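Please go over the structures that come below.
Two complexes, one shared chain (subunit A), two partners (subunit B, subunit C).
Entry: the complex of A and B
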C-alpha cells in the first residue's frame, strides 16, 4: 500500500479502469509524484485503462504535457491505456498554439466518452 | 549588450515591478505562474489570455531553474495606453547563457533530456512580443509582453 504522503490524487477503481480526477495545481514536483502514484496503482490493480480528468487543471505547460505523455507511454508498456478528458478550452488553445502534441494519450470529450474509449481499447486488445 | 540589459533591469531603482519572484527552487515555478495569473486577471485579460500568460511564465521560470539554477521573473502592468493595457514579463538570470539563440527558438530543439523543446518557441507564440538577450557565461534576459485586446 502507498503511504499517505505518496498520494497526490484520489484514484477510484471502477470496472477495471482507474478514474483519476486531478484537482491540484500541477507543479513540477507534483506531476512527478503523480506519475509515480499512477504507475504504482496500475501495477497494483492491473487496470486496463487510466482515465485522467483534467477539468480542474488551469495550466498545462510543455513539461506537464511531456510528463503526461511519458506516463502514458510507461502505462502502455504495462498493458494499460491512458485517456485524458475534460481539457478546458483555454488550455486546449494554449497547447495547440504552442504546438504541443500529447503522445500515447487518447483524448475524450468528457468522462462518459472516456469510458467508451477505454472500452473500445479493451475490445481492440482482445482482437474483437 | 546583455550586461547593459541586466544592469538596467535589475539594478536600476527606476524599474518598478508589480511582481518579482526569485526562482531558486522547483516550487517557485508554480509560484511565478500563480502570481502572473493573478496580475493578468487584475488587468482584465480574457481567460484565454490569462492561461497563455500563465503558461508562458511557467516555461520561462522553468528555463531559469533548469539552466541557471536561479534567477528572477519580473512582471509589471503596462497601463500607459488606456485602450489596450498590457503585461510585461521579464525573465533574467546570471546562468550559462545561450550560445545559439536561433537554435533554441527552433521548435523541438532541446538540450534537456526530459523535454519537448517547446519552451521558448512556445513563449514566443503565446505572447505578443518577444526579445532575448544572452551572453555565454553571463546570463540570459527574456523580455516579453502581451497587450489586452480592445473590446
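Entry: the complex of A and C
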C-alpha cells in the first residue's frame, strides 16, 4: 500500500477497471507523482483498464499530455489499457492546435463511453 | 453674441437650408451654456449629414470668424465622432458574429449526430470561431458523430486544410467520431497535391453515405453499451460469463 502523501488522486475500482477522477491542477511535479501512483495501483489491483476523468482539468500542456501518453504506454506493458474522458472543448482545441497526439490513449466522451471502450479493448485482446 | 451674428456666420458656412438649420441649432446650444447633451445631439445629426471632415473644417471656419466658443464645439464634435465610431465598431462586430453563425449552421441531424455545413471561404478568424462553437456544441449535446460537409467551401489550401485537421483532432479529443463529406474533384486534387491527408477521419462519398455510416457507429455503440450494462448487472457471474461467450 502507498503512503498517504504519495497519493495525488483518489482511485476507485469498479469491475476490474480503475476510475481516476483528476480534480487537481496538474503541474510537472504532480503529473510525475500521478504516474507513480497509477502504476503502483495497476500492479496492486491487476486492473484491465484505467479511466482517467479530466473534466475538472482546465489546462493540459504538451508536457502533461506527453506524460499521460507515456503512462499509458507503461500501463499497456503491464496489460492495462488507458481511456481518457471528459476533455473540455477549450482544452481539446488547444491540444489540437499544439499538434498533440495522445498515443496509446483512447478518448471517450464520458464515463459511460469510457467503460464501453474499455470493454471493447478487452474483447479485442481476447481475439473475439 | 446675438442671433443676427449667428445667422451671419451660418450664412457664410453653407447655402443649404437644412444644413443652416442644423448649424444654427449647434451655435445656439453652444451659446446657451446649458447641459452639453443638447450640443452633442445637434452635432451628431450634423456629422451624420455632412461627415466628420467637413464639420471639422467648418468649425475652424467659425473660429476664424469671430470670438465664438469654437474650441468647445470642436471638443464636443470630437467626442461625438468618437462615440459614433465606437458604436459602429460594436455593430460591425455583432454583424460579423452573426454572419459567421449564419454561414456555418450546426444541425442536430439524428440522435447523437451533428451536421456542420461549411459554406464560403474560411479565414483564420472564422475558422477559430467555427471550431470553438462546434466543440462547445459537441461537448454540450454529447454528440457521438460529427458530419462535416465541405460542399460549400470553394477552395481548400494548406491553411484551411491544416485548420480542418486541427478541428478534427480536437473533436476526437472530445470522444466523437468525424465523418468528412462533400469534397469536390478540384478540392480533392488540391489536397493531394498539397500533401494534406485526412487519414484520421472517415471520408464519405455523399451526405447520405455519411449519415448511414454515422448511424451505424451510434448503433454499434448502443449495442456495446447494452452488453456492458448486462455484464455489470451480472456482477459476480461475470468471470464465468466471459468463458461462456467464448
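Just so it is clear, the second predicted complex is superposed on the first by the 128 of 128 C-alpha atoms of A that agree within 3 Å, B and C clash if a C-alpha of one lies under 4 Å from a C-alpha of the other, contacts with A are read in each partner's own complex, and residues count from 1 in each chain.
The rule is short, and it goes like this: contacts are C-beta pairs under 8 Å (C-beta built on N, C-alpha and C of every residue); 3 or more make two chains touch, one makes a residue touch a chain.
For clarity, every value in this text was computed on a predicted model and none was experimentally measured.
With the C-alpha superposition on subunit A as described, subunit C and subunit B fit side by side in the combined arrangement.
By the touch criterion defined above, A:115 reaches subunit C but does not reach subunit B.
Of the two partner chains placed by superposition, A:72 touches none, neither subunit B nor subunit C. Look at A:27: by the touch rule set out above, it reaches subunit B but stays clear of subunit C. With the two structures brought together on chain A, the opening angle seen from the C-alpha centre of subunit A toward subunit B and subunit C is 50°, to the nearest 10. In the overlay built on the shared chain, the residue A:49 is in contact with neither subunit B nor subunit C.
Contacts of A:11 after superposition on the shared chain: neither subunit B nor subunit C is touched. Look at A:58: by the touch rule set out above, it reaches subunit B but stays clear of subunit C.
Touch criterion met: A:91 reaches subunit B and subunit C at once. Once you line the two complexes up on chain A, you'll see the smallest CA to CA distance from subunit B to subunit C is 5 Å.
Within subunit A, the residues touching subunit B in one complex and subunit C in the other are 88-91, 93, 97, 99.
Only residues 25, 27-29, 58-63, 65-67, 70, 88-91, 93-94, 97-100 of subunit A touch subunit B when the two sit together in their complex.
Within the complex, the subunit C residues that touch subunit A are 131-132, 135-136, 138-139, 142, 144, 166-176, 221, 224-225, 227-228, 231-232, 238, 242, 245-246.
The touching residues of subunit B, when paired with subunit A in their complex, are 26-27, 29-30, 33-34, 37, 47-48, 50-52, 54-55, 58-59, 62, 107, 114-116, 118-119, 121-122, 125-126. On the side of subunit A, the complex with subunit C involves touching residues 15, 85, 87-93, 95-97, 99, 101-102, 107-110, 112-113, 115-116, 119-120, 126, 128.
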